[in-house]
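Per-chain numbering from 1; labels A, B, C and D assigned in written order.
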Amino acid sequence: MTVRPEALASPSAPPGQPAPALLARFRAVRARTVDLVAPLSDADATVQSMPDASPAKWHLAHTTWFFESFVLRDHVPGHDLYDERWPFLFNSYYEAEGARLARPSRGMLTRPSLDEVIAWRAYVDAAVERAWPHLPTRARDLLELGCHHEEQHQELLLTDILHLFAQNPLLPAIWPRKARTLPGRAEPLRWIAGRSGRHAVGHDGAGFAFDCEGPRHEVLLHPHALADRPVTNGEWQDFIADGGYRTASLWLSDGWAWVQANAIEAPAYWRRGEDGLFRQCFGLDGPRQIDPAAPVCHVSYYEADAFAQWAGARLPTEEEWEAAAARLDPAQGHFLDEAGPVHPRPCLAPSSRPGEGPRQMFGDVWEWTRSAYLPYPGFTPASGAVGEYNGKFMSGQFVLKGGSCATPRGHARASYRNFFYPHQRWQFTGVRLARDA
Amino acid sequence: MTVRPEALASPSAPPGQPAPALLARFRAVRARTVDLVAPLSDADATVQSMPDASPAKWHLAHTTWFFESFVLRDHVPGHDLYDERWPFLFNSYYEAEGARLARPSRGMLTRPSLDEVIAWRAYVDAAVERAWPHLPTRARDLLELGCHHEEQHQELLLTDILHLFAQNPLLPAIWPRKARTLPGRAEPLRWIAGRSGRHAVGHDGAGFAFDCEGPRHEVLLHPHALADRPVTNGEWQDFIADGGYRTASLWLSDGWAWVQANAIEAPAYWRRGEDGLFRQCFGLDGPRQIDPAAPVCHVSYYEADAFAQWAGARLPTEEEWEAAAARLDPAQGHFLDEAGPVHPRPCLAPSSRPGEGPRQMFGDVWEWTRSAYLPYPGFTPASGAVGEYNGKFMSGQFVLKGGSCATPRGHARASYRNFFYPHQRWQFTGVRLARDA
Amino acid sequence: MTVRPEALASPSAPPGQPAPALLARFRAVRARTVDLVAPLSDADATVQSMPDASPAKWHLAHTTWFFESFVLRDHVPGHDLYDERWPFLFNSYYEAEGARLARPSRGMLTRPSLDEVIAWRAYVDAAVERAWPHLPTRARDLLELGCHHEEQHQELLLTDILHLFAQNPLLPAIWPRKARTLPGRAEPLRWIAGRSGRHAVGHDGAGFAFDCEGPRHEVLLHPHALADRPVTNGEWQDFIADGGYRTASLWLSDGWAWVQANAIEAPAYWRRGEDGLFRQCFGLDGPRQIDPAAPVCHVSYYEADAFAQWAGARLPTEEEWEAAAARLDPAQGHFLDEAGPVHPRPCLAPSSRPGEGPRQMFGDVWEWTRSAYLPYPGFTPASGAVGEYNGKFMSGQFVLKGGSCATPRGHARASYRNFFYPHQRWQFTGVRLARDA
Amino acid sequence: MTVRPEALASPSAPPGQPAPALLARFRAVRARTVDLVAPLSDADATVQSMPDASPAKWHLAHTTWFFESFVLRDHVPGHDLYDERWPFLFNSYYEAEGARLARPSRGMLTRPSLDEVIAWRAYVDAAVERAWPHLPTRARDLLELGCHHEEQHQELLLTDILHLFAQNPLLPAIWPRKARTLPGRAEPLRWIAGRSGRHAVGHDGAGFAFDCEGPRHEVLLHPHALADRPVTNGEWQDFIADGGYRTASLWLSDGWAWVQANAIEAPAYWRRGEDGLFRQCFGLDGPRQIDPAAPVCHVSYYEADAFAQWAGARLPTEEEWEAAAARLDPAQGHFLDEAGPVHPRPCLAPSSRPGEGPRQMFGDVWEWTRSAYLPYPGFTPASGAVGEYNGKFMSGQFVLKGGSCATPRGHARASYRNFFYPHQRWQFTGVRLARDA
């Protein structure tokens, strides 16, 4: 999501949560964002490492702008804006909200400082607490939307600072290393038959969802199988060793051009060891040995597709993925629970019992699908200011499913549709193979 | 198709045509290409007006290279290549065929001359005629494929020279104007219910098709309606007058960036009159008045989508389009029948009788669908040299259906999938609206 | 000086200053740099606003690297580098010193922090103090060179943070406004006859100079006159009002292309008032009214040359300028004396007595000359590590003379040759007119 | 001269040639341009191989536009323009002459054809012949200027088609090879003392000169020596073998960036042999063996300067060069005498007698000087339409002297100042070394 998925809650969705639960969620989400930046200096939180990324301070401010604009300003009479000049700085792309700072200039904002932005957060949070008892339903819906919106930015915040620190030759660790797991080798990949025939996909109306997840609708699934686990780093090292990055016939035409123009030869953040082989990767806890058993991460769609070609397989469609995930519990996934370094778990689980579904669908790594991010049948733009641009990102991007180790727990669900351009790979993006049955 | 759709015949397809018919087709196709360049000078045929376009001479040569390489060289013992240095010049993108001239350098080839390339064509044609009685089935399949391949290049040749001549301030006419039809205004657009429920799409196995048209498979169609005719120039003038090109909320995010970066304010080849309004367009017969009743042409996907937003509608999916077209006869469409200027016909047909299907689906203008160009379920790459890259263009592009006034008659069919990037518009690309029912 | 003028002292120059004076200078220079960053946050000191600029922290570190490498490492046995990884980060362009961070990536270094860099400074300063009594002559020469080098970076530091803060829509003031002078209008420009005939230019061997200032040599000056003062903002407003930025015939060909490509219509940091006229400019003390009597500042060579064309004059050569300045005392100029906002003084001095020379030659604004930055006759590269690239910037740039209000007092002299590319204007660059007599 | 040196005759210059001589010159110049394109096809004459180059047809037309506009239109009452639309196409950069085709689009003009442009030439030539007896002095001055202007374009025409054909993998020969000289090795370079002290340079007023060659003025020359001959291909091969293109310390900063960005490793048009060494070069007669004794050609200023560094020498100033050339007869030089392939002559002349001056100063290769192209003291723009932009190219370029084997005989003189950007090298540009005495 180069442009951020601030797409919006379906207006027909019921408020979803009882008020106290929503307020509690609001408090928890707001607190976690601040936790995430605790190890960052003012400078760390200010620099923009590429146009696709935003500074951490900008994430802190933009999510606050969202609440102040769409909840307080629009629904709380008498609310005084903290600073009338700041909306220009921290609006992301809402044309209806007026002019705004050009995206590549987000890193020029050394003022306001990190502390000032955190003070703004406190100001807005207090105003929401005061206004809470009187908030109309529409405002509560927007508050809920704002929580989900901020969760998205929490993941972006993590991936953006990872990208920033990877540019620093000192390779700083944002957080200390957690106990290291012993690198291993995953069990061989196994195929699990997927569902076929008529099947309903899309959000079913219970609980919160972004509008692009609906309407729920039926699709026809064709016979296929899914891999029981993600592709691992070890398998990716085999792909590299077999010349995968030098074999034009494996690649999409655009992908091959991308490989050549950018001299791509491994996933992002992989580093060569002294023997010239890719043995190390960089993470939020600094450089570490690549774990062959862990899911490969930080690969682009082009790489995912080329790997699948090499493996004699293909990527799943979003509907195939969702159908398989519908029976699984997202809460079992490996998600972001607290501030700290995040890594996908290794695929060391005991082989699945007969009949068991695919593992590690939720959490660990976002899984590229071969489905373009396009509107579902019957999708219509929501009304109102926040709904202005529901589908405006629906060209050129591919859908990813399942969430990652950097996705806040509780944010993902089977119907969730994440999307990025096929060359992007600074998110925690991985691969699950599929094949026709 | 920036990169050309030299995708290949389904290997399971039967030879298709009885031998004499195929030979006749070969002769006709080869002759028409030469007819198309009759009004061109050596210089006209040599210049490349943009990286997406190729010189006319290159099209003449590349199609000949295809036959000489895949039919004569591979299947006719003792065939002497006309010039051993030319494959390097005229291979398009077949990695397995070795190194080749970089695409943006195609316009540097002032030698060989147009006459020399036409002499090569004659040499290859004569060799095919001599070899014909002895050609094995595989070679005949490739010959058939080569004919369809060359038909694709005939359309590209026309659109590429149109683009070239549009760069010349003298606005030269390649061909004389045919009798001018009286500009009119189309009947108001009417909605026709589309098919819904299970429906099979994709090539059904009878006759030739490119491999990306299959396998035939069932899809679920959701209730919808299609416009009974394409969007017209008059309607597009209304869109412009209403500020369509200046209203961010109508546009996809990528589209709005494209509009701003390129100062887009009208379809390609439209020109302002002295009153500042867009009244004139440029074609292969030079500048002419815009006919409000004719289908709008030379618009990008971004424009098509924005127009649909403005009109409160959407673009059809490729499956919706194909389901509606399945009952129609492509032969009724307005296609390229002979060398000369091409224009979409005005939408002046009497209003349709109850029960009649949509008009002008085949021919006139390629119609953008909202479907990304992606593999059909069960699609597998063909084997062999020509099949190396069947799906390599399946990212980032959208499907267009129906063919245009520049498509050779007999080339298009309901299952045909053309594809271009969403910003491209130098083809004869237009718009048909759809809406949810 | 996109690439910084770390050109070096002439090896034949005598040590110049008695030891205690040099040590005192070292202490003063080192202290002032730290003073300059006192109002900056860690973030302010870290961000790079364009490839031509460097972060303040980088200037602090790079100047320290210079002393630690060329004085301590090379001449003080047993010196322990503060951090062995930092030379890679803070080498600017010395190829002989090994690999280094790419220039456009200087803004990625959120670590080390501003505090850590300042601690490094203290470490190096203390080591120099300890080593001082034992430093060999070569090391003292390098210490002196390092002081001049650091003075250059002080000016760059100021202009780089001015550029950074100008990108911030909040227009922050780095320092508080000093007492405002009353805007006035300068006396009309008067012409002062320049020297002609044989004249010696270049450094004369007394005191420190960069090697490109020598050897001293004779030139032939042709009859000419110089303006008695710089061009003022008021005159520049007249130039704008007369369509100067829209009149192609006034501009160099490259300059006109630059104007059009960048939509240039006023000096850098000028801002339009509500009436659409340029009435405000931005400085280190925030936005302020343009003073018509003050020298115009932040103009490129292209603008300077176009203005001279418009005024029926020309720019002086560097030799004409130096000949006129030889009789003047640099100490009378308006230079940087302490940390704080800097502005050129208005040209309000009473009209000069007969025989008096031109005013405001030293300080206020660097004055563009029409002389390309090229080697003087007999110039030869210095030997040794620091001398590796003495002349490597001698193509494509123009010489500026006299120093500015941001140049540390004592740094400039008549023979001083500053240089920048003709499109650059983020330095305090202004214009003095000349004409043939 | 990316932008062409259509700078103009000094208005104070006397008409120069008696009328019949001028008319004869006009006829000869006009005829030679047509001779030069005799081997070119319409396509060869139409394609533009890079923005710096122009199509041969454009040169034919632009020079004709010059005569039709400035002589016939402005001075011959009743002259009918051949085509009123063509001035827009063939004006180069005269802002006063109105809007014009963007330079990079010159290669889009497949119409008018080569034959049509040649017909235009005949029309204009005939009109000049008819008007000749009645032409006022100003018109005759412009006619003379037009002849020199066209001679400049003859050289550009040759270098532009050489560049075009070098892009063609077939490496076509425009003209047949003349008798091959036996490759040899030049005599070792010898140094010849240059003139020092006061010396007058610049055009002295006799005969035609471009205005930038004056006014004649005195300069002070410092003791120096010049090489007796140009640097040879053999010496350049030694430079390459010694790692010259990989040694950063030899290069100007801008030059090193250029080498790296463009992967430069030899002069333009040099090609590697099967042993990996540069043994072949491409010329207007196709590929040929590099002659070690011939002057190196097609090198940029950056390369020339780096070579001089490597050789322990430097480039001469334009004044040093001109002082040495003042005693030589340009007519002895190797210039373009007739249409055909051009190559610098090898440096095989017997060693010079004591007192003899440097050889091959005129013709063979343009010699880079270390002088920036800037106005001479007292230079003032000429009046009138053609004089609008006399000095507009005076930034960023370096002066070259002496003419080349592609310069029409009679065009060059000691005061002639050619100029190009330091990275350009598609002209016949070579190197003569100098050193301080």
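Methods note: a residue touches a chain if its C-beta (ideal position, glycine included) is under 8 Å from a C-beta of that chain, and two chains touch if they have at least 3 such contacts.
Keep in mind that this is a model prediction, so the values were computed, not measured.
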item: Steps needed, at fewest, to go from subunit B to subunit D via touching chains; value: 1
item: Chain separated most widely from subunit A, comparing mean CA positions; value: D
item: Intercentroid distance (Cα basis), subunit B paired with subunit A, Å; value: 38
item: Computed distance of Cα centres, subunit C from subunit A, in Å; value: 47
item: Where subunit B and subunit C are represented by their mean Cα positions, the distance between them in whole Å; value: 59
item: Touching pairs - complete list by chain label; value: A-B, A-C, B-D, C-D
item: Of subunit B, residues touching subunit D in the complex; value: 41-47, 49, 85, 88-89, 101, 105, 107-114, 164-165, 167-170, 172
item: Subunit C residues within the subunit D interface of the complex; value: 3, 93, 95-96, 198, 217-220, 222, 224, 248-249, 251-256, 301-302, 305, 314, 370-372, 374-375, 377-378, 380, 388-389, 391-396, 398, 422, 436
